[in-house]
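In the two complexes below, chain A is the common chain; its partner is chain B in one and chain C in the other.
Take a look at the complex of A and B:
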């Protein structure tokens, strides 16, 4: 059971699951947004059709080598994040690369994708891309602070830097971490609003303002790569939240229910919110989310 | 199964996905652009047919030319069209793109859009209501499904003729070459 082929098969299967679930979530978000706006909306599988069409488009754009590598970097970052995050509790069906300290590694690798995108977008020479990248990096400075604070609080509280250990803590005590360390959960959820880049934090790829920002020169297969890596990354992030704060999941159905419950938070918040300006977004993240992050660290140190 | 048959199956699948996912670049220069917001928003909701706005020409499938086109904007429209990636379609929107409409004797609008860009579908009316816009998209979907929306191929085959017409309108031709 421990052969390398088994692990490779598990990685491929978890990638396929992440792709399908992530794409379905994106489609459902379009449907729910439409229903909120009193429209009928596209079918929930519309994103699969879009992906198929984008893949069948020709692509004859050349701005330089980095432009071709940019989407690949994002894909690599998403897949690496997915490989680190344990998908299910027992880990028999989806073996992953867990090691002591993977939480710290995850903090680094989640930033790698946007940086690769920045390199790729910089090469295209489109001014909209440059502005989008600037905004994205500024926003990342905003939401990374509460997010890192929440994770550091968890690390201090339970004296471990491994996701599997944190899941074991929850399995042994029987309560979820969102109840045993509530401030870290609140800070992490507020940071997630920026991580998902839905409105009001869609300042990076604002379609009407920046012509979709960093991907404005990318059409066809590049956009397909970005779209699918976005879905995979969304699934990985949601699974990470479920693992850290909601005790993981025993089977795929429970996982889908829990991740969708978390996914509803940024989506429904975005449906009813207009877009922030860049400095408003950063001020938001350095306000209450950072306060809750600080509270989480104090709570972890003193209790 | 030989190669031709497998290609046929791939074409059917690709055309089906193209038909149900139309990303529109609405080139809103003319007055017809005012009919696009009701088409896209709650009242008529074009998104249920897979019609969605695209932000840039690189991502778009359909160039929607809404109404009259002045000689000045023609240059920009040609640049936008040549930046789009295959397969791409053009929808002429309103009477002005067909024969000049109410600007038939104007000195600074072009009269027949088809002489400068290959139009796949015309939507007539001055201006067409959202219902007719949706029916135009439906016609385009039919053409795509049958594989008959080949305006881009026509443009490539008759590029000299189109260029000649375009250069009659645009005297100082400083345009980059696109290797689409």
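Take a look at the complex of A and C:
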């Protein structure tokens, strides 16, 4: 069971599941957004069609090595996050790298991709890309604070930095962590609004303003890789939230339901929100979310 | 003659000879300079073992030199980095003026730093410390610019540190009767409480100045950016670590005996964390790469101080690991800036852009170092950062970890600014002529960058000597309890296994690079950065699309309130106050003979009045 092929199989299967689920969610989000705006909207599988179209397109130009590697960098981050996050409870899924890294490692590997992609976007020379990147990094500094506070609260409360241990805690007590440490959950959810970059925090891509920001100048396979990376990453992040706060999942169907419930929060919040300016977004995260993060830490220390 | 004397003799003679040799032949001078740094380094690692000591007397004072296991860690920084930076310096100084001056001070600095590590008594420690300060001061004013503003500032702060240290040494002598460091440490626990507090505080001021700890850091940005870059890599990489070296010894062998040591450590750790956060914010603001890296050095030293001040096994391990890592990646970055300065003549992000295709090796070295600096796996910086966070969590510093994490995340901003500002973005015709720096400059950079890669997966290589050094300072071995060759653990038993992670990252990266390249890269053609879609139009050649001014403006707007206060202003206010005081004294000392005559007469009258009991 420990052979290298088994591990590779695990990675590939996890990747495919994440890809399909993530893509479907994005398609559904387009549909839901359309219904809210009283449009018909594309079918939920539209994203698969788009991805296939992008994949089959051939690219004519490139702007240099970093731009070429950029999508690979972001893919490393997404797939590594997926490898670290346990998909199902009690090791019912491939172990991947669940036991090789902990939450702090996860925090850092999650920023590997944006930085790599930022380098790729930088080499294209498109000023919109660079502006998008600076906005994205600034926003990241914003939402990482409440996010880290929430995680620190969990780590302190249960004296572990491992995701698997935190899942075991929930399995043993039978209570989800969103009830045992409510402030941490609130802070994490508010941080998540920035993480998923829906309105009002869509300042990175900023349609009609930055012309899709860092993604511009990428087409064909590059865009396909970025798109799939985005869906894998979304799935990995949602699974992480479910693992940490909603007791994980026993099978894939429960997992899909739980992750979709979490996914609805930033999406529905985004549908009805206009866009923030960058400094407003940063200050937003340093306001109430940080307050709840602080409450979470105090709660974890004193209760 | 003992080999230890020989090492210092070669340094000293080499410094003088490589200065004088410039009058004969430049190539000879370069070779002599390299020899006077590398030969003693080789002799040191071949012949000097830990614990070996020499004793002698000078002016009736017992002096003693020898290396401890703890000093040995720092010798890696001093001699390893010193040698590589020396090779780089030869390329950097080629064709520049006053090479003799540079080489002389360079060799003296290396000697002084090694001397500090060797000193087992406070007198030689202080002498070497002063040699280090002087030689670095002369380097700061090497280019003859800003000697007033930057040179004097560095000098004043060094002097404050030196006087504080000298006072501590004199006090220590009055207590123990000799100058031996070991005697001071053994005598420390039985001292009176006042002395127990006074000696470490005075020493910490001395070390804090060199480690650029807030609020003693104000000299650093100017001094780092004003010295020649080949030296700044040593200045920021190794010289500042001497402050860390002293700080660690004081914290571990003195403060840990204090019953109130906890509060002492907390205050210092918070100072470190605040240094990290504020240093990072100021680094983001800079438009000059030298200044950016200088502030970033201040910030990084903040992490190191925090790690050492917290004082658990893991945090000290983290602090020392970060100290070595910082020496590696920050010196590489300063070298890269030096290479760019040499090839383009400027280090300002708003002036030079798009060098990636012209200076690919410099870019590669910078990229690796930046990733290490940002603490992203699988490079070495991550190991240090991870250990620091875990140590803060396991030792209940919850708010501090958020602070450290904030500065560490905000560091991505200036990391990106550095890479984007120099290497990415629009390629402009103005810089079309730029070539890669000569191999003698590029090779040391790439070696150092490769080192941070190796240490990211096999930190055990470095943690082994650090562990030995910590054992010399009285800790139990942490091997397999907190680290293994490529595993790092925290106190709670959670771990990061680095080897599979590296393979996974490389595997995923290679797969997707192949995926993108197949049917991709080969069939595509390279287009310039002007061939982009901007609102559906292809921009004309003359259109300026460079984005580098006010790079992080929105972020700076968000953190603006935090940056309104500047400790430098208070110092300047203090200096202005002093100046006003001096101006006032000048009103008394007018320089006019008649005024002085009146003073004399008035004085005599008062004397006479007093004598005659006029006042009762």
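FYI, the second predicted complex is superposed on the first by the 299 of 303 C-alpha atoms of A that agree within 3 Å, B and C clash if a C-alpha of one lies under 4 Å from a C-alpha of the other, contacts with A are read in each partner's own complex, and residues count from 1 in each chain.
The rule is simple: a contact is a pair of C-beta atoms (placed from the backbone, for glycine too) under 8 Å apart; a residue touches a chain by one contact, two chains touch by 3 or more.
These numbers come from a predicted model, not from an experiment.
Asker: With both complexes superposed on chain A, which partner does A:60 reach: first (chain B), second (chain C), both or neither?
Answerer: A:60: touches chain B and chain C.
Asker: Which chain, chain B or chain C, ends up touching more residues of chain A in the combined arrangement?
Answerer: Greater contact footprint in residues on chain A: C.
Asker: Using the superposition on chain A described above, determine whether A:37 touches chain B (first), chain C (second), both, or neither.
Answerer: Only chain B is touched by A:37; chain C is not.
Asker: Between chain B (first) and chain C (second), which does A:50 come into contact with in this model arrangement: first, second, both, or neither?
Answerer: first
Asker: Considering only touches as defined above, state whether A:287 meets chain B (first), chain C (second), both or neither.
Answerer: neither
Asker: Of the two partner chains, chain B (first) and chain C (second), which one does A:149 touch, if any: first, second, both, or neither?
Answerer: second
Asker: Which partner does A:218 reach: the first (chain B), the second (chain C), both, or neither?
Answerer: Touch partner of A:218: chain B, not chain C.
Asker: Who does A:208 touch here: chain B (first), chain C (second), both, or neither?
Answerer: First partner only.
Asker: Need the overlap of the two footprints on chain A, from chain B and from chain C, as residue ranges.
Answerer: Chain A residues touching both partners: 58-61, 128, 211, 216-217, 220.
Asker: Applying the document's contact rule, which stretches of chain A touch chain B when the two form their complex?
Answerer: Spelled out, the residues of chain A in touch with chain B are 30, 34, 37-42, 46, 49-50, 52-53, 56-61, 128, 207-208, 211-212, 215-220, 223.
Asker: Which bits of chain B are touching chain A when the two form their complex?
Answerer: Against chain A, the touching part of chain B is residues 13-14, 17-18, 20-21, 41-42, 45, 47-48, 50, 52-53, 55-56, 58-61, 84-87, 179-180.
Asker: Would you tell me which residues of chain A are touching chain C in their complex?
Answerer: 11, 58-66, 68-69, 71-73, 75-76, 79-80, 83, 97, 99-102, 104-105, 108-109, 111-112, 115, 118-119, 122-128, 130-131, 133-135, 137-138, 140-142, 144-145, 148-149, 152-153, 155-156, 159-162, 165, 211, 216-217, 220-222, 225, 277-279, 282-283, 286, 293, 297, 300-301
Asker: Once bound in the complex, which stretches of chain C touch chain A?
Answerer: Residues of chain C touching chain A: 354, 356-357, 367, 371, 374-377, 382, 385-386, 389-390, 393, 396, 398-399, 401-402, 405-406, 409-410, 412-413, 415-416, 419-420, 423-427, 490, 492, 494-497, 500-501, 504-505, 508-509, 512-513, 515-517, 519-521, 523-535, 545-547, 551-552, 554-555, 557-559.
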